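Here the chain labels run A, B, C, D, E and F in written order, and each chain numbers its own residues starting at 1.
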C-alpha cells in the first residue's frame, strides 16, 4: 500500500476529492497546512510592520491506496489540482506497511 | 435622539459588519468588514458635503423627487438651527436630526453589500459608495420623508403643502421600510444579477466562517434597531414605548417562526435560521413599529419569516441568482411584507393606531392634533402598494444605472485569482486570523 | 426606562449568550446560542400572551402567590395606560414597564441554561421555556414585586394593602436578586442534578472553547446590568446614580477579589476568574444597588467572590454535580450572598440608605414620603433570610416539577451520540466555524 | 450623564480590550484582556478610595498641581451632594459626576498597556495600576479640569479664581485630549522604551491574531466615544449634538484618510488601517469636539491619519522602539495633533465656536453668560501648545518614575520563557481558544 | 522504527492517548484533520444552501515506536478507539528510517 | 528521497525555516499540532475544573529532500531548534518513493 500525500491549493480541495473518488479512492484525510516553496507569499503589512509572508495556506490530503491504485490516484490529483501557476503543490508517495480498520479490525488492503 | 443615533451606529459597526462578516468565508472576512466600513465613512462624509442637502431641503422644481442645494456642506446647520417634529412648536436641534439621518444613509448603502459579497472589487465599492446614494438613497429619502414641518405649514396655511412623492401617497412608513430596506434589498438583487454569481457557487460549499459572529451581529442589530424604530418617533413618549414593544414582539416571533419553518421542513432548527428570522422580524416591523398593536406585531413576525425562507431557499435556488448573504431575501422581501402589512395592521379594529385625517390638520400641520380618519383598508393598502411599487422601480433603475456605470468603467468584479485566493490577502494585504 | 430595557436585551443577546457560549466546547457553541435565543423569543411571546398578566395583575384569591388573567394578550395595555412608580402621581407608560419586565423574564429563564449546558435536548429546552416561567418566574415576580402602587393605595387608604408574599415580608430587593438570580441559580442546580453530568465529566478535559467570547459576554453583561440596576429605580434621579456607582464598585471589587483568591490559592490569576468575579459582583449588588453605600458595595464585592469560588470549585467537586457553567455557583450563591448582605448594608450607620417605615406612608403609599424607620439589623436580616428561603424552596420545587415533567414525557437529554458528536451538528445541522 | 458613563465602560470592556486583544498574538490574548480588566478594576477601587479626592478637590498649597484629601473614601459624596456644571445654578448629582470621571481614570491607564503589551509581567501591571494614576493621572486631571465651578465663584466673586495649572492657561480641551490621550500615549512610549522590545521584534512576524476582534473593538470604541465627547458637555443641549456630529465626521474622515494614505503608499488599503484611522480620528476630535465646526472636523480627520501613519511606520521603524500596539503612535500623536488643531478650529471664521472672554464672566463664573472674546489665533495656539508641552513633560517624567520604580523592585518584564510560551499559559494558566 | 498514524474520532483522543501510554508509548503528536470515508457526513444547511458535508472532524495521532512495540501500540489504539460504528477510523503503519531527539541529539530508538 | 518530519516548538518555526533554506531545502509544509511527550504540560484551571494539559502546542514541519541532502537538513533543524530544554522536539526520517510537482508534472528529485 502507498500513502499519497498531496499538498494543494485550498480552493482545489473539492475538485481533488472528487477526482480521487472517481479514481476509486474511498477514504482520505485532510489537514490545513501552511506551505513554503517557490511561490512567494504576499507581503502583509500591519500598521508599520511589513513582512514577507513566507507561508501560504494549503491543504494536505493523505490517502492510503492499494499499490495498484497509486499511479491512478496520483494522476487524478495532478489533473484536478493543476492550474499551471506556481504554487500548485506537490504529491509525495510513501510506502505503507500495514493498515487497520479500527471498526472491524480488518487489515491490509481490505482496511482501506 | 442622540442615543438613537448611537444605536444606529452600533447597528452598522460592529452590528451589520459582523452579521455579514460571519457569513462569508474566512478568506473574505476583512474585505467584508472593510467594505462595510468604507461605505459607512464615505457615506458620512458625503452626507455632510451634499447628501443632507439633497435629501432634506426644498428641491425647487424637482422637489417631488429630490432636494436642492441649500444645505451643501452643512451650510447654515449650526447649534442654533432646529428642525420640526410632528407637533407644532416642538423642535429638535438640526445637528441631531442630521446626525440621526446620516446613520440611516450609511447603513442603507452598507446593507446592499450583502448581495454582492465575496466578489466585488474594492475600488468598485468605493465608487458605489459615492454614486448609489446620489441616484437612489437621497431621492428616496426625499420622496418618503421630506415635508417642511408643521410650523412651516402653520406659517403659510393657504399654500399647497409641499412634500416628497411617496409622502404624498399617504403611505405609512414609520422608520424607513421603503427608504432603507426595500431600497437596499432591491439594489442588492440588482447588484447580484449584474455581478453574476461567485466562482463555484452552487458547486462548492461556501459555509459561513463564523456563525458566532453572525449571531453577535444579529444581537447588536436587535439592540441597535431600537434606535431606528424608537428614535424615528423623534419625540420620546408612549408611542416610542409602543414602537419598542412592537420591535420586541415582532422580532421574537419572526425568530421563532423561521426556526419552526426549518423544523417542519428539514427536521432541524438552525441557529442561522434564528438569527435570520430575528433580522427579518426587525425589517418587517420597521414600517409598522408605531402603527401596529403588539398582537398585530406578533402576527407580522410569525408571517414574515416563512415568506423570507421561500425567497432565500426555493426561489433563489430556482432562479440561480447569487444574493450571497440574502440581502434581498431578507431586507427586500421582509421590507415589502412589512410595508404592505402596515396598511393592514394600522387598522384600529385590529389593535392598530388608526390613520389620521390630514385634511383636518392641514391648517397647522400638527399631526398630533389631527382628527382620526376613518380607516379604509383598501385605501390604505393601496397607498402602501403604490409606495412599495415606486420604491422597487426607482431603486431597481437607479441601482442598475450605478452598477452598469461601474461595470463598464472601472469594472465590478475582483479578478478570478483574487476571488480564489480571497479578497483579504489580494486586495487588502492582510489575513483576518493568525495564531 | 426604554434605555434600560435595551440594556437588558444587550445582556441577553449577545451578552449572556456569549458569556455562556465561550465556556462550552466548540461542538456545542451554536446549541448554546440557540438555546439562549429560543428561551428568549419564547419568553417574550409568552410574556405578551400570559406572562405579564400572571406576574403583574391582581391574582384574586391567589394574589399572595400569583397574578390573574386581567391582562392576558396585553388586554388594555395601550399607549394611554400607565403604571405607578414609587412616588404618588408619578407614572410611566405601561408599555414601557411591560417591556422592561419582559426582558427580566427572558433573561432569568436563559440564565438557567448555564446549569444544563452541553447535554439538554433542544426540544426539551423549548418546553422548558414555556413551562418553567409558569411555575417559577411569574409567581416569583408576583410575590416579590406586585403591589398596586401608591395611587391605588391613596385612592382607598383604608383597605388592607395587597401585595405579593415576599414584598409583604419587608425584604429589600432592589433589582431582582431573588426573582432573577436566586431563582435561576436554584433552577440551574436542580436541572443539573436531574439531568445528570455530561458524558466524560471529571474524566476528560472540557475547556472553554473561547475565553475571548466569555470576556466579551462579561463586559456586555456589566454594561447592560446598569439597565437592571439603574433602570429598576423606575425614575431617573440621584438614586439611579447611587445604583450605578455601586454597580461599578461592587463589580470591580468582586473581579479583583476572585483573582486575588486564585492568586493566593493557585499562584495564578486567571482571566476566567476575573470574568467570573465581575459577574458574581454584578449578581451580588443587584438586590443592594440602591440601598448600600459605595464603601459597603466595595466590601460586598470583596466578599462575594471567595464564597462563589468555594462553591464553583471545592463544593462542586466534592458533591460531583455538573453545574456546567456554574449558573448556580455564581447566580445562585452570589444572589443569596447579595440578598442577605443587603440586610446589613442598608444600615445607615454603615453608609446605607436606611429603611422606610411603611406604616407612616400607608395612607398614601408613596414611599418617597414615608418616614425613615429605625433600622434594626436583626429584623432586616431576618426579613431577607425569609425571602431567600421562600425563593429557594419555591424555585427548587417548581423547577423539579418542570424538569421531571419533561424528563418523563419528551425526555431531557440529547442522545449519547449527539453529546459526543456535538449538539451543533446533530441537533441544528450546522457548525459554528469553518475556514 | 449616566448613559455617557456606561458608554465609556463599553469603550474599555469590551471595546479597548478587544481592540488591543485582537492585535496581540494568540498566546498573549488572555494576558491582554486580563491586564486591561485588572487596570480597570483597580482604577475604579482606587478612585473611590483616593483618586477622586486627589483629582477633584481643593489641593490647598499644591492646588495648582493636585487635589487634596477632602473626599478620600468618597467622604461626603452622597445622593444629596451635587457638582456644578458650566452654567450657574445648574448642578448634577456628584455621584454621577464621580462615576463618569471614574471611567476616564480607568480607561487612561488601560490605554497605556498598548505600548507595553506582550511582555510586561502581570504583577508589574498590578503595581502600575496603583502607582501611575497617583503620579500622572490624578495630577493631570486636576491640572486640566479642576475649578470650583460657577456657583462657588459667584458666591465669592472677589476671590482669585482657583484652578489647576493647565485650566489656567486658557487652553481648550473639550473631553480629555491632554489628560487622557496625550497622557496615556506618552506613558506608553516611556513604558515601551524602559521595557525594551519584545523578543524577536523586527525579526519574526508578529501579526495580529484576530483583526476581526480589533475591528469589533474599534466599532465599540466609536460608539462608546460619544460618551466621552457628548457626555463631556455635562449638560445635554445642542452643543452635545455638535460634539456628536463632529465625532462622526472627524472619525469617518480619519478612517478614510488612513486607508487613502495606505493606498497611495502601498497600493493596498487595509482593514487595520481603517480601524486605526477611526481611532486616530476619535482621539484627534476629543479636545475639539465642542469647539470645531463640522467642516473643520472633516479637515482634522483628514489630516490626523497621515501624521499618525508616519509615526506608526516610518518613525517607529527608524527609531526601533517597540510601541507594540501603537498606543503612542495613535493616542499620543493623535492627541497632540488634536490639541494643537483645536486652537485653530475654534476660530469662528472657520466655523468654530469661538472663545470666551473669561474676564467678563469672572463675576459669576458662568461660562454660558460670558461674552465671546476676540479670537486671536496666535494666543490660542500658544495656549494649546503650552498645555501640550506641560502634559508631555509631566507625563514623561511621572511615567518614567513609575516604570523605573517597578523595574528596580519587582521587575517589569515577564521571563524570556514566558514571553516565548506566551503569557496566557505561563502567567494565567489558561489558553484563549480550544476546540 | 515505525510511524503509526491513527485517524480516530475526536472524543476518543484522550482514551487513545491513555491506552498508548499504558502500552509504553512515550510521545505522540496530534493534528486536527477532516476525514472522508464510508461514514457519510451530515447535511449542513445554511439558509438556502444545503450541502452534503463530506468531511468530518477527526484527529490524527502520529507516534513513532520501536519495531517491537508497534504491534502492541496498534492493538492499544484499536481497542481504545473502537465504538463499532462506521467512521471509527484507520491505523496506518509506515517505516521510519531514523529518529533524532533535538534536545540531546540522540538518534534511533533512544530518541523516542 | 526522504521525508523529514520535525516537531518543534512554535516560536522556533522561523529559525528552523531559515536554517533549512540555508541548507538548500526549497520547500516545506507546516502543520500546527499538539504534542505529548516527556515535557509535561502546564496545569490549566477553568473555574473549579483543574486538569493537567497533556498536549502542548507544537509545529510539525515536513520537507521532502534528496537522499543526499537529508543529513544536512536534519543537522540544520537540530541546530536551529535546540534550546536544550525538554520539549525541544523530534525529527523523523522516512523514505519517499516518488514526488510529483503538480504544476509541471516533473517527478522524482526534480520535483522538489
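Everything that follows uses one rule, which is that a contact is a pair of C-beta atoms (placed from the backbone, for glycine too) under 8 Å apart; a residue touches a chain by one contact, two chains touch by 3 or more.
The structure displayed is predicted, hence computed values, not measured ones.
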Where chain D and chain F overlap in contact partners, by chain label: A, C
Pair from D-F, C-E or B-E with over half of its contact pairs in common with A-D: B-E
Centroid spacing, where centroids are CA-atom means, of chain D and chain E in whole angstrom: 52
Intercentroid distance (Cα basis), chain D paired with chain C, Å: 35
Intercentroid distance (Cα basis), chain B paired with chain A, Å: 46
Multi-chain contact sites of chain D, meaning residues that touch two or more partners: 3, 205, 207-208, 210, 216, 266, 268, 270, 272, 429-431, 435
Shared-contact residues (touching 2 or more other chains) in chain A: 31-32, 44-46, 94-95
Residues of chain B touching chain D in the complex: 2-3, 5-6, 9-10, 13-14, 17-18, 21, 29-31, 33-34, 37-38, 40-42, 44-45, 48, 73-74, 77, 79-80, 93, 95-96, 98-99, 102, 122, 210, 213, 216, 424, 427-435
Partner chain C, residues of chain F touching it in the complex: 44-51, 53
Residues of chain E touching chain F in the complex: 1, 3, 17, 26-31, 62, 64, 94-103, 105, 111-112
Complex contacts: residues of chain D adjacent to chain F: 200, 203-205, 420, 425-426, 429-431
Residue numbers on chain B that touch chain C, as the complex places them: 3, 7, 25-26, 207-212, 215-216, 218-220, 222-223, 226, 230, 236-242, 244-245, 248-249, 251-253, 255-256, 259, 266, 268-272, 274-275, 278, 294-295, 298, 353
